[in-house]
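Next up, some structures in structure tokens.
Two complexes come next, and they have one chain in common, subunit A, joined by subunit B in the first and subunit C in the second.
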Partner chain A sequence: MYRKKRLVLPFLLPGLIGILMFYVAPFIGGIWYSLTDGSFENAFVGLDNYSKVWQNGMFQLGLKNTMELTFICAPSLFLLSFLLSLLLNRIRPAGGFFRSSVLLPYLMPSSAVLIIWLLWFDYGGPVNHQIFLLGGQRVLWLQGAELRVPVVLLFLWKNLGFCVVIFLAALQAIPVSLYEYAALEGAGFLRQAFSITLPMIVPSAFLVFILSFVNAFRIFKEVYFIGGAYPDEPLYTLQNYMNNMYSKLNYQNVTTAAYIFAGIVFALFGLLFFLQNRAQRGLN
Partner chain B sequence: MREMKGFRLRVIQTFLGLLAIILLLPMVQTFLYSFSSMSEMQAFMKTRGSYDETRWMEAHLIPNRVSLLQYHQILIADNTVLRLFLNSAMYAAMILSGQALIIPAMAFGLSKFRFPGRNALFFIIILLMLLPFQVTMVPNVLTLRSAGLLDTVWAVVIPMWFAPFYIFLIRQFMVGLPGELIEAAEMDGAGTFSTFLRVVLPVCRPILGAAAALSFAESWNLVEQPLTYLTTRTDLQPLSTMFNQLATENTGFEFAGATLYILPALFIYLFFQEDILSGIALTELK
Partner chain C sequence: MIGNRKWKKLLGGMLAAVLLLVSAAATASTGDRTLLQTNSETFSEYVERLMIIGTRVYMATSGTTQAIYVYDTRTGQTETFDTTAMNDRLHGLGDEPMLTEDGERYTEEIACWFAWRGEIYAVVYRNINFEDGSDIDGGYVRKLVLADGQASLEETELPQLEWRGMVERNGANRFSRWITGSVCTGEHLALSVYGDSGDMELHIFDLEEGDEETAEIDNLEDVGQGPDGKLLVARIDRRGDSHLIIETYDIEEETTETLAEFEGEYTYNIRGIAWREENRTLYYVTNGEIFAAREGDTENAESVNDCGIVPSSMFAQMTEDGFLAVYRYDGAVIRNTDPSQRGAVTIRIQPFTWSSGANAAYYAFTNERGDISVIREENGDMSTLLQSMMNQDDRIDLYTIDSSSSVYSAIYNRGFMGSLEGSEKIRNLIGQMYPFIQEACQKDGQLVAIPISMYGDAFGYHKEAWSKLGYTDADLPRTWDQYMDLLETLPDKLEGTEYRLFELWLTKQGFRGALMSAIIRKYALTRPDDNFNTPVLQRLLERASKLDLDGLGLIDDEEEEDIFERYTELGGEKPAVLITGFEVPITNYRQEYQTLPLAFEEDEEPVLTVSLGVAFLNPYSKHPEEATAYLETMLENLDTSTAYSFCPDRNEPQRYPDHEEQKKNISRWADEARKSLEETEDEETREQLERSLEAIEKELAEFDEKNWMISPDAIANYRSRAPLIRMDSYDFWSMLYGGENGETFGTLWSGFLEGQKSVQDVLTYMDQKIRMMRMEGN
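Right, the complex of A and B next:
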């Protein structure tokens, strides 16, 4: 650890300037935008934009869908990757093939994969064919609320690997002797899972949880590819609203919606950090 | 945990094996379809969206006759895909070289120096990492426009140089490096800069490889940035935003196009696989 403060500047300065210019300054400067009316005089209107946007039907639809998609995607990503990594951890070292194939989708360009994805979920496509062979009815996957299924699955397909890798590393770092000692002391499977496995992986689990939410909030890419700029109602996200307002040059509405969104995101992560702190203290 | 043997082990293995095959199937299928003739693919793609209850799409994986016509089309006869491909490659190269100069240095500054405001700065970087692109979109457009960069390549490239996620990723790794490493270099009379170059960076090889591969994947898959910053310049759009049209226009060469699009990402993955696995594996939220 270096203590001379001046030495850090050459390392920090280039990045710092860029972050200030392209991330921090826009974030702060945009607040002014959300408080003015966007006319030629650009008059100060206080919180008028906020109440207007908040009552806008499309905004409400976008917010509702973004929240619903996030709370479907993030928890299922977290649970699935946890279960898969538990399985993978139990069969080590035999899981090499799975381990390397589960991460590949994270690097694949979405739009290249999308053609196959849409073929799979076509009305006459393989997914419906399997359902039919198992005795079910065909589903119109590419319309209405059902369209969420391919979108969520594409999201899971893409993000699963990253989370599995983080979980697996944490599970493998737990020394086996801990379990042996606990077994000698008479601790059963559940007691071991909660007294050893869980506390040992809290930092990694929390990272996976945060990343699940970060990526779920950004689900726009998949939505845009599958549904376009104006997707069916069940898929119209907040990002669609902001992008469409942007293309109509209504900057006030974009920034206002952005800050409402950012407020919600920060509040949620604040809560998560708070809960994690308490959980860790409770376990110690 | 006890390792399993026998029947239960085999059940889990089969299950995970099947899952892995499903996960890889989209790429395999794209690759196989790319060797069908264009007319065969056009006919096949036309069967999409039919609501005839009695028919299924013919799910043939192996082409009737192996043909390289799709590749001839995209590589020689028509340069649309190739031009978009080169655009994408240009963005990836420009973004990664800028990041290489800025991000590791910043992560080093944030992890191995003690200065006032360090934790606050890192906290801000985490907050920025959580924000979706659209939140800072409009002010960014205004900044870029007043700098004369809007509707140029730089509008897409420069903001990516400071992507908070990679600063976070590399910083988390560097925090875990033992202090003795730097003390030993100091004893030998190395300055901060040569310590950074000769001691710290080589040790960080896994996370640098992982970050490079992940950042390549992101640059190869840019959507929001070109759509907002390059509204008037379709000639500068990368493959990621334009590729969809190929499929909807039913051109017949979309699968060769998709294969060409997937290949660089696949090579990057195979090349950096161990780095990615070990680099990500060591990341925790501390």
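Right, the complex of A and C next:
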């Protein structure tokens, strides 16, 4: 057994070196950056940077907006993709076509999609036109807090396909005989959904849930394309803060903000894993 | 502390150094030499052309001082030959008037100089003036004769050159084209000339026959002597990536052959090409260094010496013994091309801001310290400076930069600046300066930078006009509101007076932009923690946007083009009472004006803002002592107006160094006019001459009073305002215009100036963006 491990090591070494060089070392280096003042002396300042960044108004704004957008986008994405996958799973004629089509937005470059999106949500665009026809007032979608609506919709539209594909794979892996047996036993759609479908897809659903959060945390490209480095306040995210600090070569603030954010994300995901384990045990 | 006397000595030394030909040998044995360096403040002498015969360098200069200097690289000696009499004869100021065969009066000008078969020649053209136009008759080749300290031109047996291609027509007038380069090979003279299209053309003359041909060479940049009796031509293609090609041109065969090629961002800075036949090497100057490429092999080119001449309009020629003579209009240097003779230490300077004092320092330092090679790198990107510091990059020893730039702010805040406390000279010189300048040069009580220039503008008013209109100093506006009140009342008061309100060229759009940006900029500086969308700023911008611009006598944008044609109609000769862009530091022009500091509230002190050009030492420099010595030289070579603006005890008015010379010239013109008047019988001509004489005599009478480099008025004006000066610590407009949001702001600002966007739109946007930027910090 010991001999076998020694034999394995040379095969693992290139990968381990890569991980050390490109993940572990930058991670530790980043921590060092976050503990120094970045001046000529590069003095060790302990947790001063953490304290300063945490108290910085723009960091707080970015964190707040990122959290808000995440808690709007991630659950919405999860729910919509689950419902859509259920629907697509039942479509029989041309089901393959629809299941493939849903992935198309994910493959399109954001910049190209954005132009169409901006046209739709322009003050004189089709969205406002429909609202007006329905008797409503036109809305300045591309300014202020209203800008969150097109950004969230764009995010959902773009990421929905990928989550649907994961759900569909899980749904299609459930043996049809289970549903047939349940139907014979008199179980209806809801009973089947909660007693068969849900327990069977929990691992995949959890993956989708995590991915939804990860993608939502990284919501930036859409914001940056629309609002630049300094978008309207309701759209200023933590990524804006880190990006701007990076362009000012303030690596101390970039790394500090990144580690604070990473801490929050790890805590959140830890909680999610805990809940998933609990849920899985309950369903079993 | 340095006393007044020492400053005077320093100033005297500086003025002498910038204008006089430097004849002292450099301390090292390299043979490097500064032949001439003129100063942007005076421009009393500038280089026309350099010609080379063997080891002798002939330098022709123009200006108030004009001469031919002959420097021999073997002896290191310079001879000077006065060209005043020669030029007077050319300009028709001799005893006899110069008349064509048809009896038309003409003057002569030197079109270019060239060296050929061991002699120096000039090509002369005649400028013939008719009643309704002028003509050019050119191509006369004259030989330069140097004897008894005098230069003269003598007739030769060479034929008149076919000069038609060198003449430009504009209506009834003809002008000689501007010749940028001249070089001889065989019996041919090649001239690079700016053509009608603005592109450079290569005209080749047969000196024995007088015939002319134009070579088919596109995008010509420079011309020189090439290998095997051919010409060396440099062509640049600026479309897409810059591409410089150096070719040889065979005049007989009319064929070109590529010798070397360069590609990349900074190829436009490759200048001063020259060929040395003895070692078959191509020499060129780029980024502050002279490179040698054997047989044109630029990939293996070797840096052989430094050359701090600014690349634009630079030319070079090679002496027989391997010295490169490099020149442009404001300076000429001799550089050894043997790399083993270079200074033992090399310091590098990256100039991110221009300063004539820093320019003068290069010549002064390299002349004095031959043991140190100084490379001024022109190719650099300021945005990478902070990253270089973070990488502990020691390649550049000194930087010059604008103190209001965000890059400088980051460098300063993080302390990436070497201490200058070790230099007693720097401490003493800066100790003589205004406290606000001393403060800007220090960090945590340590000297870390030296000031090399000062910028800052403000609105101004005409002092004499102000009192003639019946106003006193107490009536001067103190606040922006009062300024706006004045704009509403002053136009009526100017009716029928000898004054106009604003400068003639100021357009409505230009004035709106200047006024609005001045208000916002000063507001941002004086209240850095305030929002922009405040009642004060709203009120002022609203008022400014509602001003009756027609009533202010401002022209429409489209009228700007024909402003000179309508000069009299628009009352252009009238002095303006108010001006929008007046320099805060001491200047040698528009000294009849004074700055107008304005506040936002009655109980607030009005301020003027300036930023500094500063130089600082890279804390990672491997040559801190040499670099500090260079900074000392920079401080000692500050141009006069800058030194006066920095130091409160510099109060002695300064004449131009060539003041007496200028005065003598005007007297001479007056004598000539008097003489012509005596000789002329034609009544109409007499009237013209009388008018000219009257104007010359008036100029002469007022000359001592008005012709100052630093006038008593300019000093008094500045000193009275100095307590109100504050440092502009951050580049406010760059914050708005820079980065990804710049385009959005640019569109918004243009819309605002055109009246399509409201004051609210602009202020709200600024509040949001600037506040976010400030809150983020750096």
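In this text, the second predicted complex is superposed on the first by the 262 of 284 C-alpha atoms of A that agree within 3 Å, B and C clash if a C-alpha of one lies under 4 Å from a C-alpha of the other, contacts with A are read in each partner's own complex, and residues count from 1 in each chain.
Quick note on the criterion: a residue touches a chain if its C-beta (ideal position, glycine included) is under 8 Å from a C-beta of that chain, and two chains touch if they have at least 3 such contacts.
What you see is a predicted model, and the numbers here were worked out from it, not measured in a lab.
Annotation for the three-chain superposition on subunit A: subunit B and subunit C fit side by side. Look at A:V45: by the touch rule set out above, it reaches neither subunit B nor subunit C. Within the superposed three-chain model, A:V176 lies in touch with subunit B and out of touch with subunit C [touch as defined at top]. Touch criterion met: A:P10 reaches subunit B, while subunit C stays clear of it. Once the two complexes are overlaid on the shared chain, A:A279 sits clear of subunit B and of subunit C alike. Of all Cα pairs spanning subunit B and subunit C in the superposition, the closest are 7 Å apart. Judged by the document's definition of touching, subunit A residues 224, 247, 251 lie at the interface with subunit B and also at the interface with subunit C. The touching residues of subunit C, when paired with subunit A in their complex, are 386-387, 389-390, 406, 410, 413-417, 619, 739-741, 744, 768-769, 772-773, 775-778. Here subunit A touches subunit B in the complex through residues 1-3, 5, 7-8, 10-12, 14-16, 18-19, 21-27, 29-30, 33, 84, 87-92, 94-95, 97-119, 122-126, 128-129, 138, 142, 157, 160, 162, 165-166, 168-170, 176, 179, 203-204, 206-207, 210, 214, 217-218, 220-221, 224-225, 238-239, 242-243, 246-247, 251, 254-255, 258-259, 261-262, 265-266, 269, going by the rule given at the top. Listing the residues of subunit B that touch subunit A in their complex gives 1-4, 9, 12-13, 15-17, 19-20, 23-27, 29-30, 47-53, 55-57, 59, 101-103, 105-106, 108-110, 112-116, 121, 124-125, 127-143, 158-159, 161-162, 164, 167, 179, 182, 192-193, 196, 213-214, 216-217, 220-221, 223-224, 227-228, 231, 239-241, 243-244, 247, 254-255, 257-258, 261-262, 265-266, 268-269, 273, 276-277, 280-286. Partner subunit C is touched in their complex by these residues of subunit A: 38-41, 56-58, 224, 228-230, 232-233, 236, 241, 244-245, 247-251, 253.
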